Amino acid sequence: MILLNCDLGESFGPWQMGNDEAVIPLIDCANVACGFHASDPLTMNKTVSTLVREGVNIGAHPAYPDLVGFGRRSMAVAAEEITALVLYQVGALEAIAKVHGSQVSYVKPHGALYHDMMHSDETFKAVLKAIVDYNPELPLVMMATADTSRWQALAEQAGVTLWFEAFADRAYDDEGKLLPRSKAGAVLQDIDSIMQQAQQIIEHESVVSVNGNQIRLKAQTLCVHGDNPQALETAKRIRSLIDQAKA
Amino acid sequence: MILLNCDLGESFGPWQMGNDEAVIPLIDCANVACGFHASDPLTMNKTVSTLVREGVNIGAHPAYPDLVGFGRRSMAVAAEEITALVLYQVGALEAIAKVHGSQVSYVKPHGALYHDMMHSDETFKAVLKAIVDYNPELPLVMMATADTSRWQALAEQAGVTLWFEAFADRAYDDEGKLLPRSKAGAVLQDIDSIMQQAQQIIEHESVVSVNGNQIRLKAQTLCVHGDNPQALETAKRIRSLIDQAKA
Amino acid sequence: MILLNCDLGESFGPWQMGNDEAVIPLIDCANVACGFHASDPLTMNKTVSTLVREGVNIGAHPAYPDLVGFGRRSMAVAAEEITALVLYQVGALEAIAKVHGSQVSYVKPHGALYHDMMHSDETFKAVLKAIVDYNPELPLVMMATADTSRWQALAEQAGVTLWFEAFADRAYDDEGKLLPRSKAGAVLQDIDSIMQQAQQIIEHESVVSVNGNQIRLKAQTLCVHGDNPQALETAKRIRSLIDQAKA
Amino acid sequence: MILLNCDLGESFGPWQMGNDEAVIPLIDCANVACGFHASDPLTMNKTVSTLVREGVNIGAHPAYPDLVGFGRRSMAVAAEEITALVLYQVGALEAIAKVHGSQVSYVKPHGALYHDMMHSDETFKAVLKAIVDYNPELPLVMMATADTSRWQALAEQAGVTLWFEAFADRAYDDEGKLLPRSKAGAVLQDIDSIMQQAQQIIEHESVVSVNGNQIRLKAQTLCVHGDNPQALETAKRIRSLIDQAKA
């Protein structure tokens, strides 16, 4: 059964972001901002309170310390510091989850840390180290591609479970990687195409690349968004698709 | 048996503060900065690593979000936000302690939060709430004064244990409160006077006020400092005093 | 001729706030956030670019260093630090204004700094000092009350011009001070009442207090808001009122 | 006449760094931290006050927004944001300089921004744009290498003057670039070797590379440090060398 995950709790102080109330009923897993790229202790507390009430799994969404850049900018952070900042953020969220009778269920690095982890084994290992030292039961969420053997080997060696996520609304290249947003057609706009890609990922563990090739893409979770009406509509329809498959 | 506590881990990024290596062997309890008034994830990780190796208890030292002011400036922070930021900081430290095989053993608010808690029941209750929701086994450290019945009643009601701390090197008024640093004689300079006050606190649970009155002052812990040679020398002599009493 | 001022440029990184584009054509003076309670260099640059294009005066809106609290929380900041942080923020904005062929035209402290300045002569003098040292031609905007003689005396002594601002949509007490937001009726909701108060301030330099007394209130500027539809509608109608009076 | 420059004013809040008082009498130009990698408004005010009293030129030392990383970590900051953050920092320092009767005399980017500017024309142009828009009279300080024609062409096109700086205590490769600190011998330890290199830069506009080749290196300024006894001693001797040459 594929899970739906969504980035959540991304308001900061007086600034609102996203449409958390609307998307929470649709998802299984919430990637909760931990104060480094977004959110603050009070926002985290309110977000977690809602998630626990709605029965959504709480994932830590740690990031580089770059609030103004929303954690989207690659930073040359040393491996031992990455380990420490992941620990710090996971722990902060864990304490807040604990007071609501819950716990952190997985870790999904955010933004540039997420991408840097895919391109640098050193960064990837630094994240793995945080998880294995803290709680090796926590799965690490990363991007599904056609060939994930390299990461699986490193994670297995560390003793950490990987969850791969796919995107119903993003175009893939022949390696099963996301087409960069700078390229035309990188983000699917037509909801029928998006639903078709969702269905193919869920039922056939594959996608059709921009070159028309069928690419293997095995994913445990799909990433959806809730910050605009079309994204919400898409999330609702994918939720129905999954629920029907379940039934 | 009275415990020695000291604020520790107060470096930040490239900036060093204090003399942690020298003072750690002398103390029982370290109040570890959690990133809001000082420290950062990497510094916390290094600090905790040393503390665990040396067998020192790890206390969370949460503060207002005021790095440039070192958490020393009172801020009009709402109660629910105080609760959330204490949780956040305690949790961040707990995760780091956990990877080193240890845990947070108590909570001592820092600077202005520490003082505001003494002057505002709302602030005090907000801190208590964080502790009782997170882990009511964690004692809360606050300042010993002649009459602590008000705080004890509130803490008992919340189900939290209080530890009171006294200062060997600070002058007291007739209510058992510290003379403000702005007043002459507020900080004792003569090491013999400091040792005499330490001894009186430890053996007789009292101090002599600036007016010459003997004031009851019951303390579970003494706060020492390690950031200058005289403070270190004082800490060493108080350590000896306690160890001799033990022997 | 009374001027309309509005807080502007309060987005931060990826977080949007306010409706700057809609309100800019209606106002004379924009109080531009300078990065301490809101905004960032890039946002400031975009804000100033729009203001210059639209011919709106640029005011510096310096604040305490409290992003998560949006500068709304009183902080115990020392006088010399207040002077320095006002200078810092005014200078940062001035450089950005300069590259767009403009300059800072006045200073209006934000949030808690604005209010603290009204309650503490030390804070008020610290702000005056920043202005007089930097550019005594810059007026300082503060709240109009029935009796402003105390501030006028201090400002005159320093050599700084004061501009007093009034609020069309806030209830006043008998001292010409704003009723705290915590009190019922503090914010006027009915647009006719708001327009009536605007007209009275503009034409008669007075308001009717919550107790029904006519209070003298001399203001050079009215503060409007653009962050919700009613506020915008109010701003439009006050703009018309002023333009008609001018005609 | 070659000028001595030194990074200064790098304390932050309660954290001290460097030995500004000792090095200020020895230098011509101070690269003053502007709050993004170090310093804060009050520290800047104190630093500038001392520099003006001692007659040292004030240079802006803008950096990426990375306090915990001291601006030493490359960040993927967009060009328009680099322009804006340089403007912001230069302006903040300018205001503080102005109240002390002085002004910003040049711009030297700090840390990772300094290095990124050497490796990316886009970053270099973004810095140039800030300067030319703000005040094209301000020279931009960057690293001297054997061939600086590319940067000189870009700077000339923009209308900005470049000042090149050399290092007496760093080993150079055959392109006149600094040997990375990770390589053995990258930092010269022997004071006689350092003085010899200083003399060669000053008198012959060249250095001997690690491979023994004489490399052309034309520099308007030498960068010295004041944060340890040997650095101070070196700075003193280079000061004497220059003063004797002058005499």
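Each chain carries a letter (A, B, C and D) given by its place in the written order, and its residues are counted from 1.
Criterion: a contact is a pair of C-beta atoms (placed from the backbone, for glycine too) under 8 Å apart; a residue touches a chain by one contact, two chains touch by 3 or more.
What you see is a predicted model, and the numbers here were worked out from it, not measured in a lab.
Colleague: Quick one: how many steps at least from subunit A to subunit D, stepping chain to touching chain?
Modeller: Graph distance in the chain contact network comes out at 1.
Colleague: How big is the gap, in whole Å, between where the Cα atoms of subunit B centre and where those of subunit C centre?
Modeller: Once rounded, the distance between the two centres reads 42 Å.
Colleague: Can you pull out the residues of subunit D that are in contact with at least two other chains?
Modeller: Only 40, 68-69 qualify.
Colleague: Make each chain a node and each touching pair an edge, then name the shape: line, ring, star, complete, other.
Modeller: Graph shape here is complete: every pair of chains touches.
Colleague: Quick check on the complex: what are the subunit C residues that touch subunit B?
Modeller: Going by the criterion above, the answer is residues 65-66, 68-69, 73-77, 112.
Colleague: State the interface residues of subunit C toward subunit D in the complex, per the touch definition above.
Modeller: Against subunit D, the touching part of subunit C is residues 35, 40-42, 44-45, 80-81, 83-85, 87-96, 98-99, 130, 133-134.
Colleague: Which residues, counting only subunit A, touch subunit C once they are in their complex?
Modeller: Those in contact with subunit C are residues 11-17, 40, 67-70.
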